[in-house]
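Below: the structure, in C-alpha cells.
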Amino acid sequence: MSAVRAAPPHHRRTARTAADVRASAHVCLAASCLASGADTVLAALDDEVAGRGLADVEVKRVGCLRLCSAGPLVEVAQSGQLFEHVTAGDLGGVIDALSQVRPDRPRQVSTRPFFTRQRPLVTENFGRVDPESLDDYVAADGYRALRQAITSMTPAQVLGEVTSSGLRGRGGGGYPTGLKWATVAKATAPDGVKYLICNADEGDPGAFMDRSVLESDPHRVLEGMAIAAYAVGANSGFVYCRAEYPLAVSRLRTAIRVARRAGYLGTRVCDSTFAFDVEVRLGAGAFVCGEETALIASIRGGRGTPRPRPPYPAASGLAGRPTLINNVETFAGVPWIIRHGGGAYAAIGTPRSTGTKVFALAGRVRHTGLVEVPMGLTLREIVFDIGGGVPDGRAFKAVQTGGPSGGCLPADHLDMVVDYESLKEAGSIMGSGGMIIMDDTSCMVDVAKYFMDFCRDESCGACVPCRVGTTQLWMLLDRITRGTAERADLDQVERLSSTVAAGSLCGLGQTAPNPVFSTLRYFRQEYLAHIDEGICPAGVCSISEAHA
Amino acid sequence: MTVHTLTIDGRDVAAPDGSSILAAARESGIPIPTLCHLDGLGDVGACRVCLVEVDSHVNPAARPQPACMTAVREGMVVVTVGQRLSELRRTVVEMLFAERNHVCAVCVADNHCELQDRAVDVGMRHVDLPSVEPLLDVDASHPLFAIDHNRCIMCTRCVRVCDEVEGAHTWDVAGRGIDARVVTDLGTPWGESTTCTSCGKCVQVCPTGALYEKGRSVGAGAKRRRPFLPYLREHRPAGEP
Amino acid sequence: MTRLGRRPEALIEVLHAAQEAFGFLTRDALADIAEALQLPLSRVYGVATFYSHFTLEPQGRHICVVCTGTACYISGAARLLDAIEADLTVRPGQTTADGLLSLLTARCIGSCSLAPTAVVDGELHGTLTAPALLSRLTALQP
C-alpha cells in the first residue's frame, strides 16, 4: 500500500534555452501540494500556456515552496509573486502575472515574515530547481562542492571544514558531525571497507523536513553523501528511506540514476579515482529503525532490533565495518559548507549551535509548512512572527519539539532561544525539527498519553523496561484521562518513568518518558485536576460520570 | 593476550582483553544477577537485570550498562551495587511478573525457576505495577514438549540456542513490543514444525516454566539438567550444586 | 527476487515486492521466499510480522489509511476514526464484513499542513471533516 502517488510522468518540459524564457511559473509538486491537486494545476497551466501560444513562458515543476498550508502554490519566478490555493479553474491571476514580467522589472521581495525571517541554506534550491532535473541542480551550483572537494582538497581538509563549521547531527542527537566523521575516518576495518548511511527514516509524527528535502532537492543529499564518503574513506552508501514516502523514494532513485550517468556517482566520481555509489533501501513502517543499530539490522534484512552501544557504528557498524550514519538534513548542509567554508557556517546561529535548522511547523498555527531559520531565534519569533500565531482566536498553550522523545514548552518559555542546550535544559530536545503548536483545545495529559501510545506501539520488544514500561505507563496515563486514577498512580508514573529512562537499551525507551516528564513539570495542575477533581480542564478527556 | 586491570566495587580485578564485565566479575567471585545471559550463548543485553554503573565518577549522569555485553577496559571503574541499581533491578523483575500471567503454584518450574530466584535476589516481594493480563495460550502440539506463553519472559535463550547450538533456527521472535511472542516456523503449531529436531535444548535453557517436557506432574516437574550439555551452564550462587 | 540477487539481505525488499503483487503476504509466499533466500522459516516470519507495513491478512478492495500523527491527532484524527466506526462498523486493523474496505492508521505520512489527513487507495486527502471522509468512503464501489 503506497501512501501517495508519485508525480505523474506526463509533464512536458519543452526544451528551451534560458534565453528564450521571459517568464516562468513554478508549480510546487511536493507531497502536500500534490495532495491538494497541484498536478491538475500543473496540467491546466501547461494547457493554458500552450493554448495561448505563449512561447516565451515556461511552466516548471519545482519542489517545496514552504507555505504548505496555502497550497497548491505557484510562484512567478521573475517577479517573485506567490499565488496561494491555486485551482485549475482559476489561473487568471497567474497568467496575468506571467504576461507582465519584463526584464527590467525588479523581483518583488516578499515582506511576509514567514519568508523574510527564513535563512535558506539547506533549502536554498527549494522552489527554484526541478527536483528531477540534473541540469537545474548543476546550474544552481550543484556538484561544484563535490568537484572542489575531490580535485582540490584532501579528505583531511574536507574534514577540517566540516569540523570548523560546528555542524551538529540534525536527526535529533546534535552530535558534532566533524567528530563523528573523524571517528570513522580514523577507524580501521580489516579489509578497509567502510560504509555510509543516510538516515531518511523520518519517523517523528509531525516532522516532514527530510521528506521535503528529498522531494525537492535530492541531488543535494547525494552530493553531501559523496563529500562525506570522500572525507571518511567509504565507497558504498545507502539511503534508508521510510516506505511511507514513495515520492521521495522515486525522486531519489531518479537522482541516483542520472547522477551516475553524469559521473557524480560510480567508479570514477568527477573523473577521479574516488569511487562511491549509493543504493536506496526501504523501511517498512517501524519508528525504531531510525535508531542507528536498528537501522543497520533492517538494512541487513532483519527485524529492527537495536543493540547495546558501545560499540558505536562509527567503529563497528554495518557488517562490523566502520559506518558513518547521518541524517538527511546533516548531509544536505555539507555542500554549502564546502562552497562557503566552515567559518561562514559557524558565523550563523549561536556559538554552540551553529548554522541553520529546518523546522516543520504544524498544528495550531496560522502558517504551517517548512521553515529554515538560523539557530538562536526565540520560540516566540518562530511561532508568532514567522508562524503567524494561533488562529481562530484561541490561546497558545504549548509548543512541542522533538516528537516522542521531546517535550512540551509552555507560554512562559516563549522567549527562550532555540538551540540544542537551551531546549535540553528546558526539558525538551531539538529533535529532528518537528514543531507542533498546541492551543487551549489540547489536554496535556492526553498529549502525554498520545506519545506514550506511540512509543508502546513502536517499541521493538527486546528489552524489559521499554517493552513493559511503556505499556504500563500508557495504562496509568489512560486511567488518569478517564478520571479513575489516584495519587498513588501518579507516583507509579514517576517511578516507571525513571526506570524506563535509565534502564532501556536504546534511545526509543530512554526518551519515551520525556513527554511525561515535561508535562508533569509544566502542566502538573492538569494531571491533578484529572486525579483529584475528576475534570479535564481542556474539555478533551471523557471522564466517566461515576468518577467525576 | 593483553590483560586489563579494572576495579569492581573497589576491588582490583584483572581480566583478559575482550572479556565482559560479567565474566570478569564472576571470575573474582563478585555476584551480578542475570536472566537472559547463558554461558555458551551469544548475549543480547535485553533483560537489563545485569546493569552496572561504569565510570560514573567521570560522568555521574551516565546510564548504567549491561555487564554481559560491556567489554572491560584498562582502568574502568565498575560499581555493581547501590540504590539506583537495586531500584532498577527490582523494577525490572516486577515488570516481568506484571507483564504476563505467572501463577507459580501451578507451574512445573515452581522452586526451580530463575525468575523466582531473581525475585529473591533483588528483593522483589510483591507486584505494585499495573498488570497487563494478556490472553495467551499453550501450544502442546509437539509430542514431547510444550510452551506456555503465560510464563515466557522473552529472554530469547530458546531462539539463541536453537540457532547457535542446534543450528535448526526453529524458534524466532514475531510481532513487536508488548505483542512480541516466540514462534516456531511460520507461527504455526510446534508439532507441525518441519525444522524442529526435538533435541530439547530450548527446554533445557528456558529459565522459567514456559518451555517444559510433557508428561511430568507439578511435583516431579524439576527440569533435569542433562549431563550432555556441560558447555551450557546456568550460573548458580556459591554453595549450590 | 532474481533482480534483487537472492541475497538474504534482500528480504525486506522481497517482502515489499510480494505484498505489492498479491496485496498481502500468505504463509505459502513466506515459505517460498524462505526457500529462495535460504533463510529459516521463523526468521522470515519474524521479519514479516515486525514491520507495520506488512500484513498477513487479505485486504479489502479499498484501503483507507487515517493519519494519526501529532498534527493530525490534535486536529481531530480520533473523531474521524470514531465516525468511521460508527458508520461503517470497522476499526483500525480491520476490514469491513463485506470485504470492501480495510481501515488502517499510519503514524505520520508527512503532510502535516493538511491535518487531519487520510489516504484512500493511494490518494491523499487533507483538511478532512468526518462527513467529507465518510462521503468519500461510502461512495467506494465494490
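Just so it is clear, A, B and C label the chains in written order, and each chain counts residues from 1 on its own.
In this section, a contact is a pair of C-beta atoms (placed from the backbone, for glycine too) under 8 Å apart; a residue touches a chain by one contact, two chains touch by 3 or more.
Computed from a predicted structure; not experimentally measured.
Chain A has its Cα centroid nearest to the centroid of all protein Cα atoms in the structure. Taking B-C and A-B together, the chain pair joined by more C-beta contacts is A-B. Inter-chain centre distance (subunit A to subunit C, centres taken as mean C-alpha positions): 23 Å.
Centroids built from CA atoms put subunit C at 36 Å from subunit B. Each chain gets a centre from the mean of its Cα atoms; for subunit A and subunit B, those two points are 39 Å apart. With touch defined as above, residues shared between interfaces to two or more other chains in subunit C number as follows: 43, 46, 50. Annotation for subunit A: residues touching 2 or more other chains are 286, 303, 457-458, 460.
Residue positions of subunit B touching 2 or more other chains, listed in rising order: 173, 175-176. Considering their complex, residues 27, 30-31, 40-46, 49-50 of subunit C touch subunit B. For subunit C in complex with subunit A, the residues that touch the partner chain are 7-13, 15-16, 43, 46-47, 50-54, 59, 63, 65, 68-71, 73-75, 104, 106-115, 117, 119, 122-126. For subunit A in complex with subunit C, the touching residues are 1-5, 31-32, 34-36, 68-69, 71, 202-208, 211, 243-245, 281-287, 298-304, 360, 362-364, 368-369, 400, 403, 434, 436, 438, 441-442, 447, 450, 454, 457-458, 460. Interface of subunit A with subunit B (complex): residues 286, 303, 307-308, 310, 456-465, 467-472, 475-476, 492, 495-496, 498-499, 502-505, 510. Remark: subunit B residues 163, 168-176, 183-188, 194-195 touch subunit C in the complex.
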